[in-house]
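You will see chain A twice below: alongside chain B first, and alongside chain C after that.
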Partner chain A sequence: MIDILNQLLDGVPTGCVYGLVAVGLVLTYKTSGVFNFAFGAQAFTSAVVFYICVRDHNWPLVPAAFFAIVVVSLALGLVLDQFIFKLLRTSPQLPKLVTTIGLMVGIPETVKAIFGGSTRNAPPSLAVGHGWHIASLSINADGVVTLVATFFVVIALTVLFRWTPIGLRMRAVVESHRLVELNGINAEHVSTFSWLLSSLLAGMAGVLLAPLFTVVDSNNFTLLIVAASAAAVFAGLSSIPLALVGGIVLGALQQLLAYHLPLNSVLAKNIRPSMPFILLAVLLLVRPGLRRQDVTDPLSGVDPPPPALAVTYMDPRLAKINRLLFLAFVTAVAIGVLFLLPGLWVSYLAEGLALTTIFLSITVLVGIGGQISLCQASFAGLGAFTAGQLATRWDFPLYGGIIVGAIVAAALGVLIALPCLRLGGLYLALGTLAFALMLQNTLFVEPWLTGSEGGVDVPRPLIGPIDFADDRAFFFFALAIFGLCGFAVVLLRRGTTGQYLAALRGSEVAATSVGINPIRAKVTVFAVSAAIAGAGGALYASYLETARVDDFNAIQGLFWVLLVVTLGSRTVDGALNAGMAFVLLPPLLGDILHVPSDLVVPIQFALFGFGAVTFARHQEGIVEYQKRASIERFNARLTRWFGPAKTRGAAPAPPGAPPAPAAAGP
Partner chain B sequence: MRGRTHAALILMTMALIVAACGNSKSSSGSGAGQSGRTGVTATEIRVGGVASVTNGLGGTYGDSFDGLQAYFDTVNATGGVFGRQLKLVSQRDDNGQASRNKDQVRALVEQDQVFAVLPVSTLTFSGAKYLVDNKIPTFGWNINAEWNEGPNLFGEKGSNLCFDCPNAWLSYLAKQTGFSNVGILTYTAAQSQDCAKGWKASIDQIGTPKAGLQLKFEDTSLSFGFTPGDIAADLDQIKNNNVQFLATCIDGAGSAKLGQSFKDNNLPVVQYLPNGYDNKLISDNAAVLEGDYVTVGFFPFEADQKPAALQQFLDAMAKRGKAPNENSLSGWLNGMQFVQGLKDAGPDFDRQKLIDAINKETNFTADGIRPDGIDWTSTGHTGHSTTDCVAVLQVQGGKLVPKFGQPGKPMICFDLNNVDLDNPTFK
Partner chain C sequence: MTMLEVRTVAVRFGGINALSDVSLDVAAGESVGLVGPNGAGKTTLFNCLLGSIKPSRGKITFEGRDLAGVPTFRRARLGLGRTFQRVELFAGMSAREHLLVAERSRRGDGSLLKDMLNRGKPRPDEIAVADETLALLGIGEYAEQPVESLTLGQSRLVELGRALVYMPKLLLLDEPSSGLDVVETLALAKVLASVRSERGTAILLVEHDLDLVRRAVDRLHVLDFGRTIAAGTCDAVLREQAVITAYLGVAAS
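And now, the complex of A and B:
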């Protein structure tokens, strides 16, 4: 009994950090409606600044900690609040999610670009000495510091909420944002204060957490957010004391499990690192309160329909020109690939097409289904490893592997969709991210699936006498697979399921009342999306000629989702733009703009991350938005020069108005 | 829509035609289409390399560029090779990502038009197949299984890795220091798992029968980036089983974290640091790594009587204002191997002649830096040497100190077919 108590107490310091993070998440969520995925990125920033002050500039610990926690984190929090989050408070859930995920990616990469990307070893600690030993319980010095810091935070928050006017207002905003405003209190100021308080906690978490890890690495902080989300979800994203308790319980449970799972076993290898993610998934599935929407606005469940695709605004004459130009473009690309482009650039284009096929799965789920899933990279990985294992073990042809990979991924998609059906928005995003991390720590560490060192070999396609080993040939194979998947996406969007999903996006209640089965529609879209991701993953691995876990990890999947939603998640060409941008931006930056090689990736991901911030204003994607603007300009010119089009519905329609399609876009 | 559908169908048809016409068995690299002397001019030999300069492990892999450049400067100062200056024209970073490694390797060959690829110092080496298919002479730091995929890939310690092969020095160390209870702790990563197999084989095949070693603890389920909480149960078992020596397969920062935990829990455990040949790591963590052991397969910098070539490397790095380390030495060794190969190939060298010339070398020792020479005619590319040769160093007061060797002969070598722990060969 004493042993178990000791083991539980061992986990308390880590639990306290989870708790602090969870409190920060709840604070901002309840006062501004934004679940701050960027909390870990803020913590990472403070940790890096603390590291640089102490290790590189030999500052004493306390001034360095004060600077990193108070100055840097508050400044960052203020900038984020004033320039981004303030504008998001009345936005729907999806733009809030995308924006914070974008910042989660963009902030660490910006920090790396500014301060250097090399990982920082041996993070400094505020702790002095080597810990305490009380009876049979030992606690290291970092744990002591964490406990003390948490104690002071609890005291400070208690005083703030119970005995200060701003605390009272914050509690009031948590209860009812609108009633507070009716009473003449500026809820905006209260929300800003909450953000600053949350940023302070982020800075504190960063400085306290850094020495627990071997290196200051942004991925550790990202994963921490997902883990701590379990505590926030435990608190129903509303109760600050419960969030703290949830964090401590999570830390203690994790520690208990670490003691009792047999070392060197599959359980220890797979379950131990997945524990927070498993707990998060379980909480999301079993906590009934999460399935109910917090309805304070009678129209909150009714989203306005998204604007029609840009291409549907096209004047018929412009549509004809566009068709001709498209054919010319396709011919030019084909000739270029065949005869003109250097092999290196053909390989980039082939890689871009393979990635685009994966990205089409995001188009299906986000653009058509209106659901955000953060486990598409896992589906793609499953398709890749399936194709690789089939080819390696049984000489299965690649095209067969692509089909089987798609089927396996689709089956997994259904398995995930069924329990997640009742979740939406934020909780679905959290659940799918937890699932992706679970897969990464369990299935994707098994050599029978992912191979030993170096991954699994995946061959280039060979169909009868036709060998697609060469990159130029592979480009056309990839184009064919992309074409098939793109065609399927267009059919899905225009078909019954697509219409059902559009109706469900508008109002699930209304759609159900007219006989639409939301479960069937959502399962279908998850399965189709996963199948496309699986096929794309197999294709991408065939391009790389190897399937490796690193190429399909959960964090990579976040980048992919961000890129697609930023550039355009509703159309096939949006996915194509995203695929090509992902592949072509590094050589553009490195080889054409001569950006130093070690800065290319940080700049690339910082651009992707901050690009996602534009999603709040242009939910159709930047490219789709620009396309619409261009089409409207051309339409106006055509009308001015040649008069109105004779075809019905040719006149430019205002955004949001139901258009009369003149040309069907991909 | 119909127009676009037609376009798509046309494209599909074209794809088949093109694929049929270009029915090549070659791999993705067929686009290289270069001569054997690409990158060679009347005055220069241009090479380029790729390293995981930025990476998640905190490794100093980019330092291999410094080592190579230092060697090229030395050679160029004496007139270069066949009257040509050696130029490192491109230094690419693959960020430790497999997909980017392949792109960067390809860009070196096709865009930067280098004669040879060196140094390669990367966490993954997915570009290996491309380099093999295109027969590009390649030199680098061999920590990836891909290095043994072709006769044109030359690792600085040979191109074959055998993480799961047994070693004899662990048992020798046990005999010298008197420990008998051993533990194994590794990450879940594939390389770590193979390394764990190597430790087990060492204990089972050599340690137990010849030195009385007992495997008292084993955990191969640790995650990279572990926190103190993650190893609490391990510490319990290490303590309960009285483990005296812990053989690990983890990164340097992980070793330091482990050392801190031992100290926090008053556990007198000595560790083996597989990535510990890093003076900064050792000095930064002097207190928690005191007494731990490191091994290297080359003449250590800290040895008293160094070969002239090693002293030349140390002087060159000092001149550049860079602290020498394993990665910079790797770059230097890659340069030595490259230049030796060029000289062997003769003045009318080309890529193939360079590869062939190196593959005739039977004992490349880098002028004594690697006393256990590489035989490129046999075990250099495939197979495994039956000689186990390492220098053992111990952390003492924040510094690495060679142990158990002889003056001027720090390398301790064993014949793995007939291990005699009492009579090693010193080199």
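And now, the complex of A and C:
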């Protein structure tokens, strides 16, 4: 009995850590409607500053902690609030999600670029002394500090929300920023205050949590966010005390499992690290009342509608010219790849095409389906490993592997979609991310799937007498697969499935009232998306000639989604831009701009991470936005030179009143 | 023959009885008005009929089939169509596209496979159906316009068109005339009459405009605070003391 109690108590400090982060998540969600994926990144920033002050500059603990928690985190919070979150106050859930995920990726990389990315071992701790023993129970000093701080925070916040006028206003603002303003309250001030409060909490969490890990590493903080979100979901994203309880329960359960699962079994090895993610997944499935959580602003109707696809604005003459130019471009690229470009650049382009194929899966799901999924990398990985295993074990040809990989990924996609889709929005994002992390810790560590050293060989394609082993030849194979998938995406958007999904995105109740089965439509799009990801993953692995777990990890997947959504998730060329940007930016930075090599990756990630912030303003993506702007310019020029267009009123759009979108083109 | 049968349906939100023991019948081809002050439970009853709210008690049958546990989209396929009090349109789509979606869904012959064979685009005969309906409603000239640029009245007509294209056997209309001017309301009454006479569609109409109600319905059902307070022919019901009290209050003598 005392054993179990001891084990449970052992879990309490970790539980408080989860609890503290969960409280931070709930606080931000309650007061700004943002599920702050960047909470961990903010905490990481304070932890790094604290580390540098104490370890590198030998500051005493207390001023260092004050500086890291109060000065740095408030300053960071203020900057984020004024430059980023200000734009998000009245936006729907998706841009908020994308922005905070972008910050989650961008902030740590910026911190690394500024302070250097060296490993920071043995983080300093605020705790003094070595711990206490009460009867046979022992508890260490870090644990006590975390415990005290967490309880203090929870009590203070509960009092704030229950009994103070500012607490009441904070709760009102998140319901409807605009309605509150109409009631004569400066919602801006209230929002900024809320945001600063949660930034402060993030800073505190960072400094307190750092000593619990052996190194200060941003990935730990990211994983912590996902794990703690299980506790936050347990609290229904609304109750601060419940978030703490959820955190403690989570910590205790994890500790209990650690003691009771047989040490060397597959179960212990795989289940323990993925426990929080499994719990999150289970909670999402069984916790009642989550569906009603998505608050819709009663005044959201005043927002302008999303613009139609840029091509629909095109003057028919411009469309003709455009088609010719496109053909010329494709020919030029083909000739270039065949005869002119140096081998290195050809292989960049081939890699870009393979990645673009994976990215098309994001186009389908986010751009057409209106759903966000953060486990696309897992589907891609599954396709890649399937193709690899089939080839190594049974000499399966690669094109067959691509097809089977796509089918396997689609099957898994359906399996995930069925329980998750019920939730939608934020919870779908959380659920799929939890799932990706779970897969990474369980299935993707199995040697029969991913090989003994975290990788499995994947051959280059060989069709009859044609060998695509050479990068130049592979480029054309990749082009063909990408072309097929891209065409499928266009057909899907134009067809029944695309129309139904557009209707569901517009109004789910109305779509169901004309007999559209929402579950079926969404499962279909999820499956198609997973299939494309699987095919793309196999193609990408074939380019690399190996499928490695690291290339398909969940964080990588997050980054992909960000990139596609930022550049343009609604069109095939948006995905193409994303794929090429991903591949070409590092050599552009390194070889052409001569950025030091250890800065290339941080700069790339920071650039794309912060790029996601533009999503709030241009939800159609930067590429679409620019395309529309330039199409309007060219339309105007054509009209000036040759008079107005004759056919279907596709004259240049007056601002704010777009002409009717014709049938959506590619 | 009774088409829709509502038997002692009750809905409770927290401590509020939004509907208590409401019973109501609609026969095939019949038009029934559902009136009552705001908050009387009319929209709640609609939501129960379409399945977006589960009644805590009672039974709803449609053509003899118990609707409990039947999801909304299946109820639509059984023949229940509706419009919404707070307009629910597909943002970013044109008026015609709204009707095309409904028409495709009614035919039920779209599939992923057909999409992939490039046979998913709107077909000429579908476009003809959509344009006919838009013309019937008098909004043919706005077919190409994105719905955001339409007035509230026109938006309501697009909603009505979308419901009509789906050929419901029973059409539930939730305050279709609010936001319409006098001329548009008259046109609406004509459309409803022609839908009834040509297709034999039954109608359940929630409406505050008693002129339109008188013109469009055979029978009236009055709700107040979630309870039926009167039912019968228009003239009889509107003379009843309980109805007058509910709408106008009592003199403080």
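Some observations on this one:
Following the convention adopted for this analysis, the second predicted complex is superposed on the first by the 606 of 666 C-alpha atoms of A that agree within 3 Å, B and C clash if a C-alpha of one lies under 4 Å from a C-alpha of the other, contacts with A are read in each partner's own complex, and residues count from 1 in each chain.
Please note the rule applied: contacts are C-beta pairs under 8 Å (C-beta built on N, C-alpha and C of every residue); 3 or more make two chains touch, one makes a residue touch a chain.
For clarity, every value in this text was computed on a predicted model and none was experimentally measured.
Look at A:V509: by the touch rule set out above, it reaches chain C but stays clear of chain B.
Counting the residues of chain A that each partner touches, chain B and chain C differ, and the larger count belongs to B. In the superposed model, A:P165 lies in contact with neither chain B nor chain C.
When the shared chain is aligned, chain B comes close enough to touch A:L338, but chain C does not. Judged by the touch definition given at the top, the superposed model places A:L479 against chain B, while chain C stays out of reach.
In the overlay built on the shared chain, the residue A:Y348 is in contact with chain B alone; chain C does not reach it. Once the two complexes are overlaid on the shared chain, A:D550 sits against chain B while remaining clear of chain C. Touching of chain A by both chain B and chain C, each in its own complex, is seen for residues 663.
Only residues 7, 10-11, 13-14, 112, 117-122, 130-131, 138, 140-143, 212-215, 217, 219-220, 251, 254-255, 258-261, 263-265, 268-269, 272-273, 323, 326-327, 330, 334, 338, 342-344, 346-348, 351, 441, 445, 447, 451-455, 460, 463, 465-474, 476-477, 479-480, 483, 487, 490, 544-546, 548, 550-551, 586-587, 590-591, 597-598, 600-602, 663-664, 666 of chain A touch chain B when the two sit together in their complex. Residues 1, 3-5, 7-8, 10-12, 14-16, 18-20, 22-33, 53-58, 62, 91-93, 95, 97-100, 102-104, 106-107, 110-111, 124, 126, 129, 144-146, 163, 188, 190-191, 193-194, 218-221, 223, 225-230, 232-234, 236-237, 251-254, 256-257, 260-261, 263-265, 281, 284-285 of chain B are the ones that touch chain A when the two sit in their complex. Touching chain A in their complex are the following residues of chain C: 50, 52, 71-74, 76-77, 81-82, 84, 88-94, 97-98, 100-102, 104-106, 108, 110-112, 114-116, 118-122, 144-146, 148-149, 159, 162-163, 165-166. Within the complex formed with chain C, the residues of chain A that make contact are 304-306, 308, 488, 491-492, 494-500, 502-503, 505-507, 509-518, 524, 528, 649, 657-661, 663.
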